[in-house]
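What follows is a pair of complexes built around subunit A, which joins subunit B in one and subunit C in the other.
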Partner chain A sequence: MKIIIERFDGKKKYESTYELRIDEVKGQTLLSLLQYIKRTQDITLNFTAACRMAICGACAVRVNGHSYLACDTKMEELLEEYENPESMRISPLNNFRVITDLVVDWEPSIENLRKVKPTITPKSEFSEKTGCVQTQADVDAIKKQWDCILCGCCASECNKLEADASDYMQPFVFTHAYRAADDSRSKDPMIHLKPAIANGLWNCVHCQECVDRCPKGISSFGDIESLRVMAMKKGLNEGMGPAHAEAFLLDMVEGDGRLNEIKLALRSEGVLANTTKLDIAYNLMKAGKMNPLHIFGGEKIEGHAELVKMVEAARKAEKEGTIK
Partner chain B sequence: MSEQKFTRRDFLQSACISVGALAASGSGVSALAADNKKDSGNKDGLPSVDVLVIGSGGAGLRAAVAVRKKYPNLSVVVVNKGMPSRNATCMAEGGINGVIDFEHGDSHELHAYDTVKGSDFLGDQDAIIKFVEKATEAIHELDYAGMPFNRQKNNTVARRFAGGAKYERCNYAADKTGSILMHTCLDEAITRGVKFLLDHYLLDVAMDGDKCEGAVLLDMQTGDVTPVLAKAVVLATGGYTRVFFNRTSTPFNASGDGIAAALRAGLAFKDPEMLQFHPTGIRTGGALITEAARGLGGKLINNKGERFMSKYSKRMELAPRDIVARSIETEIRLGNAFGEGMSSYVLLDLTHLSEEQIMNELPQIRHVGLLFDGMDLVKEPIPIRPTAHYSMGGIEIAKFDDMSTHLPGLFAAGETSCASIHGANRLGGNSLTDTTVTGKLAGEGAGEYASKQTGFGSGKHAHELAQKWQAKFKEITSGGTSNEMYDLREEFGKQNWDNMGIYRTGDKLEAHAKSLEEFQAKYDALKIPNPNMTYNTALIDYLEFGNLIMLARCACLGALERKECRGAHFREDYPKRDDVNFLKHSIVTLKDGKPTLAYKDVVITKYPVEERKY
Partner chain C sequence: MSNNKEFAFFPGCVLSQAAKESKMSLEAIAPILGITLHEIPGWSCCGASQAQCVDPIASLVANARNIALGEKMGMPILTTCSTCMLTLTKAKNTLDKGAKDRINTFLAEGNMKYEGNTEITSLLWVLYQNLDTLKAKVVNPLSNLKVALFYGCHSLRPERELTKESSTNPKSFEAVVEALGATIVPFEKRLDCCGFHASYPAGKSVRKMSSQIVGNADSNGADVVVTPCPLCQMQLDIYQERYQDENNSNIRKPIIHLSQLVGLALGLSNKELGLDLNIQDATRLVG
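Presenting the complex of A and B:
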């Protein structure tokens, strides 16, 4: 079969095609296959890897447009997924600057993480000398978010980043903000919440691609929603926030639980103010990433009951005067 | 300078030359910027920073944070060959040792004793006694820094047993302690204003007279060789177990670059022959199957269908790591194993467990079996073989309290360093403690040293080294064939495994020393056919391979001369421990590019040397 790899040598883009026998492909992981190609066919091929055990996050690439952790993906599974194709196309992660071939630049991501100050400031009853006290339930509340290995799969798929990255951050950055903000040891969730709001919290387009592709099963989308609820509870609904927020509440409780981006955009910003967003929606529809029929409602999403609970809590807070 | 518009070029220039903007992470601007240009001796205006940390595993990140906390006016830059979170630290699963419960019989004394005994008495007791006290502090500090440890019923940090320990003092966070620890440290470093120089590879350490003046880095993105001046440098580049290239549990980047650079700078490599083997690695490539598999009753089976551990230990599969590892290798040598050569293996049978039990307790291991060998341990026994796991040896430390080396201004921490805490054998859970404790000490040591310096070195040596490397890169990227280097590396790993692995003999080691010279000669003539310097990963492979050859030569010399069995070092021709002649550290340095060996006494203060029995 043919493995087609999108190349970039620092100056120009091109493609390389490697012919492999099926027995050379089977039994390999995607990572060991890349290593095999480098070793036997083309030493100039560049990619990164360290742990080969799905824990360091170094090896994410795209196959036929979708992100995979190369070391954790068996070629047999890929062949099955794509129905024994004649060829497969491997490319670097999307929404990152490509340095060369399959290697991307992580520096902007680190600087975005810096914005949300990912480390907690512990409550004053705790000290460095004796540590903290925390219940297992409180650990469990943020346990999933701590599985993030900074592989970038979510960012590669993110439709908002693809449409316009200038007012947004990688989905995992929100996950990191949330796990700090929601930590029971944390003195002040605002430290993480405020920069999340300032850097695009309300701009997520709810496509949930990040959830689908995370190799660790993390929902950055869910974390973004949780941060929004937190923001509303704190009355942080300036700017585009409040209308968006209200629409969000309505959708969550009365709708099918799956945020309907078109409805939301129309409702919160008015049709006219919203031409740019409609472009995004149109592009998403074209790419098959958004179903226009959702405007008429669809199936209930998983965890809907949870969301309703969250929103109801927010409403209660609203009655008590925390949300204006 | 705004946070957003921050290119890497700006960074090197500004991090380094107008330190203020960077060091500032919001507060007090450092006075260094001015100092930098005037009195520093840095006349060429080379990029410079107060403390340069190389390597961003647990040790490097702890060091960087320690500097920021204690010396907020100093600038700190962490260099890494790649994105900072790709390291060995994140791979640790089990836990991190440190006594935090003193109510139920455990104490610093007992942790120290277990560590000394575990080291087969090659550990330096003065360092170990301090280490275990700092271990307790380290756990609380990590907790305070936001590490989400699992919790006990009383809401304090949860802990379990680890091999060789009398009490439960291995603190853990699910089965991902290392990953969670590393991300805690990374988050803290990011939050505290530590700057990262991603995709930079340490080539050499530079000296001004008898002091360290900085380091020479390869900017992997552009191929530029960049000398960076620093008042203090911390090496935290991890271990060198990739000498066994395809039989190790460690990441591809565990190539001992920092140790090799230190050797070239004239420093000593202490106890290089002390490499730890783990009994259960996956057949293909040596990824780790954790001890828990044997803890849950996993049986080891040979090609005769025998549960062969009955021949070697009363404790069967639960005997200590080194004994189980040797037993498996013996079976392989007796012809009682499956497969051939490097892919020989025995079976690990867990089929007595239900699928539910496996999914609850060993999900990761099942996954690994499926991934690498396409075998499901719920249904069938899976192939395993011992795998190289940890480097006890490392850069010789002059003083544990600040992790300084014998080169003023140069500090080392974590697996790269050898403060002789683990001696001839590291206990499970003690190395995450090592990274956290020695990382902090090295950071504080480097900070203190840097704050006392009035300026930078002249940069002359750094500049010369940079030019030398540049010329070399031109030459070596101008020819060769694709697979030549990789074939040689494969063979190198195999030979190290066969001749310097779990079983060692004088004859084999002697022959191996010669063959390593040949590897060196072949390597010296090697070229790689890729002149494009944009993130040239083949060039990085080449550089790492060169370092591994040098470190293997040192290890081979140490192993050849250590005519005894101690800890992980097992000599068939000298099957006993010899405290009369070898209660000593091997100290290897380079003379004219050749390893030479000297010895140094082990420090024994409190715990008399006795037989190591379990």
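Presenting the complex of A and C:
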């Protein structure tokens, strides 16, 4: 079969095609295949790798446009996933600057990590003598996030980063921000939460690519959601993102039980901004897809009073600390 | 679908408003395909992947109630909205993995109980599981229609929550549209995100994402973009003029719902399928 590798010599992009017998491919990992090609066919091929046991995160690349941790990916699984193709395309991680061949620049990502201060400042009650003891439950709350090995697979496939990275950080950065902010030993979660908000917490597009690409099963999207919940609880609810999310909750519980699209637009960006969208509203009304009278509210759903009772009971239990 | 299949139908908010043609076309194709839809009485908004960012416990309770309402009807829950399907499925997974008893104490306030015995499925998935029946009902094979298939994120991802098929190399949509006889064009953006859920806070990025999808479909020769997700349809259709202008593109492309494409192959009229309600003209797809 053909293994096509996207190359870059520092100035120009090109690709190299390597012909391999299927028995040379099967039984390999993606990383050992790259090493085999370098050893037997092309000494000039550049890629990064270190631990070979999925703990250092150095060897992530893309295959057919999807990111994989090379040392943790069996070629047989890839052949099965892509139904024994005649060729496979290996390329560097997306959304990173390529230095050479499959080697990418991590410095901007590390700079973003620095912004969210991923190490914790312990609470004053801890001392050298008493230590920083956590309960098992406290450890469990952030255990998964500690598994992040900074491989960049989530960032590579992030649809928001691809569109515009200027107002958004890599998904794993939010995971590290949440891990630090939710650590029971941390003196102040705001140290991590505020820079996360300032660097695009509400700009995630919910594509869920980060969830599916993480070789460690971490959900950066889930961590983004958790950071948002934390922000709302702490009263950091300024901006269009919080207003938009809150509008759905308002309609669901305090409203009629279903989304009111007119109120949603007004609540999300205000009356003034909506005047620039009057043409769109007109088209929708003309097509019978928007009822202007909904601005006064609609009909409550059957059983709405019971829904409110259920939600209030849950909120009360949460407030009393009987649930987290 | 050879025997009548009955479903507890969860329309989701968008089907009664900005994507009403999605509901119209679904209700038009259902009887032909032997599907009977019983709308769940009193269903509420699922939170649309947004409310859980403000109040996760309220969202979980509301969706436990939605599923419990469907369970009472004794049939699987079907929705055509991918975000509703994902949100309901995530709630079901959370309940089944240990939250059931705790959440049931809250549902008891309304004399309701979540049992965990109902499947949640989508139109795409039901069609995929019944390809032979679908094929047998086609009276107007769409071989002259070149279609770009846009899955929409929440039809596929997260794979570990939805567990229906590979999100890396999915097959269901292609199989369904092949059964309709349509010509599927290559479409590199088929698994991408339209950006709908961040259209307010990250508007500029989202308009660029949507514009690239329409542009990519066009450059591959598609006559039309089809999607199983009404939110993607809305994002790509309603705002198309604006984001194409903003991105200096004069490409205009009809964006239709999966149920509308199925309806065309079943010989239904533009009117029956609500194709005259789409903002980008979709009334001339079949001659």
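Criterion: the second predicted complex is superposed on the first by the 241 of 324 C-alpha atoms of A that agree within 3 Å, B and C clash if a C-alpha of one lies under 4 Å from a C-alpha of the other, contacts with A are read in each partner's own complex, and residues count from 1 in each chain.
Criterion: a residue touches a chain if its C-beta (ideal position, glycine included) is under 8 Å from a C-beta of that chain, and two chains touch if they have at least 3 such contacts.
Because the structure is predicted, anything quoted here is derived from the model rather than measured.
**Q** Per the contact definition in the header, classify A:229: touching subunit B only (first), subunit C only (second), both, or neither.
**A** In the superposition, A:229 contacts subunit C only.
**Q** Applying the document's definition of touch, where does A:167 land relative to subunit B and subunit C: first, second, both, or neither?
**A** After superposing on A, A:167 lies in contact with subunit C but is clear of subunit B.
**Q** Contact-wise, after the overlay, does A:134 reach subunit B, subunit C, both or neither (first, second, both, neither)?
**A** Only subunit B is touched by A:134; subunit C is not.
**Q** Of the two partner chains, subunit B (first) and subunit C (second), which one does A:66 touch, if any: first, second, both, or neither?
**A** Second partner only, subunit C.
**Q** In the superposed arrangement, does A:212 touch subunit B (first), subunit C (second), both or neither?
**A** second
**Q** Kindly classify A:89 by the partners it touches after superposition: subunit B alone (first), subunit C alone (second), both, or neither?
**A** Neither subunit B nor subunit C is touched by A:89.
**Q** Of the partners subunit B and subunit C, which touch A:144 in the superposed model: first, second, both, neither?
**A** Once the two structures are laid over each other on A, A:144 reaches no partner at all.
**Q** Which holds for A:176: it touches subunit B only (first), subunit C only (second), both, or neither?
**A** first
**Q** Subunit B touches which residues of subunit A in the complex?
**A** 9-10, 27, 29, 38-44, 46-58, 72, 74, 76, 99-101, 103, 105-107, 110-111, 113-115, 117-120, 122, 126-136, 139, 142-143, 146-150, 176, 180, 183, 185-186
**Q** Can you tell me which positions in subunit C touch subunit A when the two form their complex?
**A** So the residues of subunit C in touch with subunit A come to 13-14, 16-21, 41-45, 47-62, 65, 69, 102-103, 105-107, 109-112, 153-154, 157-160, 166-169, 192-193, 195-198, 200-202, 204-206, 208-209, 238-239, 242, 277, 279.
**Q** Of all residues in subunit B, which touch subunit A in the complex?
**A** Interface residues on the subunit B side: 3-4, 6, 8, 82-87, 90-91, 100, 137, 139-141, 143-146, 148-151, 155-158, 173-174, 176, 179-180, 183-184, 187-188, 190-192, 196, 198-199, 221, 251-253, 285, 287-288, 367-368, 370-372, 374, 482-483, 485-486, 528-530, 532, 534-538.
**Q** Residues of subunit A touching subunit C in their complex?
**A** Touch residues, subunit A against subunit C: 66, 81-83, 159-160, 162-164, 167-168, 200, 202-209, 211-212, 217, 219, 221, 225, 228-229, 232, 239-249, 251-253, 257-259, 261, 268-269, 280, 283-284, 287-291, 301-304, 306-307, 309-315, 317-318, 323.
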